[in-house]
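Each of the two complexes below includes subunit A, the first together with subunit B, the second together with subunit C.
Moving on, here comes the complex of A and B:
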């Protein structure tokens, strides 16, 4: 195999484009599948085999934006299967706490007990799940694996003002009932278990209606039920690259600007059209629908450049969700490695 | 313990004994509802 500098890629620009990018055309997506065969580019002097040092050199993570609940970052130099594995782990394999058992003592509202129980389960609980154990089936509840919330709401008409009190049962009415030494598990006031938001409506009540419920939270993962998923969603997209031919000028340039619903293009002072905001592109292909433009506008995506966005439900920070996902991923790899070793020996 | 039923019309609670007509003693409405159990019921939040 020819051992050339590998970071520059293949010298033939057409081939290099095929190797690194996914192309969008009117008729569909081209080169969606990458070429992983190690000797695929040997004849043009490029070593396509996997190399750990090269991976370490090229791999990058940059945070694009981070707010209280959402993290957007780019991950460069990784294969789609691994990026996808991380995404799936974030959605379905990171444990959180959620209401699982609902003991209804009284419910005179119009919402049926089982519907109400289901609604309660979906409320995100803000508590660090790493402080708890998984509940073992057919075992008693313990302080280490269960959190108890009480929901006791009575809707009434104020006898003086005539105003209706507690017209809506809200998530803030869920009151944590500490058992045993659970108080000591949360020394800080802000770490105490509570619903993530205070104003999630649980149900509407009319005067005279009451609900009296005990909720038991358990720790589990999103694969069991989506209520345990720590993310609203975790997704990724590929980095868009849009290039416009020099031949588009004047009238045609304005036409192209009009076509794009996301206003991706700008006209430079020289009259040349450039894709000024490629990240806004939704890949709607409106700009290449006219065959005249298809020749001159190229919409591509970089195959190994992922833009992740992780929106947390609140139990864990988005950042922590990603870190936990990597830990779980490493654990999974270890299991595979172990079983392979067993086979070999 | 007497079995109390709730009237579907006026909401009054009445006891209905065996062989007695199913009827509200206040408003003669003929649809009476059984009261909810006062025991705790367990549900799965799924």
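Moving on, here comes the complex of A and C:
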């Protein structure tokens, strides 16, 4: 695994740069692949094999910003497969609750039953999925594995004002119907199951049109259908490193500043250009498009420095999603480990 | 309906073994491991962890078919060890690595909370 050694890596600066950074040029990305092979740098006296203590020493997490539904943090000292595994688990392997079965009692709107059912399935439900079990196939619904919502909306014209009532069926019209002892599961009003947002339009109605539907929510994972994914987006990018040659000053410096659409560069009092906001860089490479700047501006990304962005749909907090992803992965490891131990014995 | 049940992607069938190993008959110290109901998430990670081991000569993985969620991992080791031990060691390392990662994350969240509390 690629880790910085205690001797600050490979002695040859070019090789060290190749080992730790990805370079972007006009023609494309250079040196994109990481080298994980343990003996890759043996000839220059660097041990590239995995060492847990070294990993713990070099590994860092910094939380850059956090709100209820969004978390941005950086992970330093890990490899792409680890970051990618976490991203994949967050998207497709953390369970949530979503509408799976829709019993349509009455639908006189112009929207077809199956389209309506699909739209209902995509509405994020705000409820802690950890309180429920997975529903087994071909088994009856129980209070431990199912939530029931009722959607009963009738559009009509007010006889006095002539105003149309319930012109749009919204997610707030989905009313939770507690079964058995479910009310005891959610004693607090704010914990009660409900759609994440109240103003998601389900369909437009005209006077006289009615929808009467019962929705059954089940617990499942995003690998089965994206409606069960707890995240809107879970992505990562590598930390950008932009270095500008000292020779760029005066008019050239102003030209470079204007080239960048994200305003990454600033001019210091000395007249020299610096990358003041490297995190804003989208790697559009506009600054090196011009051949005269290509030699003077170097755009790189640090190979083991990941900036993660997790945006939750609302069922779980972003922080909880990340912690659940780690737990799920450890569980996966344990299952595989147990199976391997059985092979040994 | 002709469609297969969607849970077949991740639910292990009754009586099936999660991991099976087949020794290579032509190459010494080489084996093929098949992990059922897993995909690139774990395949790529195990491969990376394996090739960081000094005793590994070759480690690679593939998903034989994108609709069948099985992973084949092929390993060849030197004479100091055997593929089974290497996979065991790798899985152990990954577990520890992720536990360490989790602890660091929880620690950072606590720090962030404490800082926020100071300004309230």
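By our rule, the second predicted complex is superposed on the first by the 336 of 345 C-alpha atoms of A that agree within 3 Å, B and C clash if a C-alpha of one lies under 4 Å from a C-alpha of the other, contacts with A are read in each partner's own complex, and residues count from 1 in each chain.
Everything below uses one rule, namely that contacts are C-beta pairs under 8 Å (C-beta built on N, C-alpha and C of every residue); 3 or more make two chains touch, one makes a residue touch a chain.
The structure displayed is predicted, hence computed values, not measured ones.
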item: Residue contacts with subunit A in the superposition, subunit B compared against subunit C; value: C
item: Touching partner for A:225 - first (subunit B), second (subunit C), both, neither; value: both
item: Touched partner set for A:341, first subunit B, second subunit C, both or neither; value: second
item: Touched partner set for A:36, first subunit B, second subunit C, both or neither; value: second
item: Partner chain(s) touched by A:49 [first = subunit B, second = subunit C, both, neither]; value: second
item: First (subunit B), second (subunit C), both or neither touched by A:332; value: second
item: Overlap of subunit C and subunit B interfaces on subunit A (superposed complexes); value: 225
item: Of subunit A, residues touching subunit C in the complex; value: 1, 36-39, 48-50, 52, 55-56, 59-63, 66, 73, 75, 78-79, 81-82, 84-85, 88-89, 93, 137, 221, 223-225, 319, 322-323, 326-327, 329-330, 332-344
item: List of subunit A residues in touch with subunit B within their complex; value: 98-108, 113-114, 117-118, 120-122, 214-215, 225, 227
item: Complex contact set, residues of subunit B against subunit A; value: 36, 38, 40-46
item: Subunit A partner contacts - residues on subunit C that touch it in the complex; value: 5-7, 9-10, 17-21, 35, 38-42, 44-45, 47-49, 51-54, 56, 84, 87-88, 91-102, 104-106, 108-109, 112
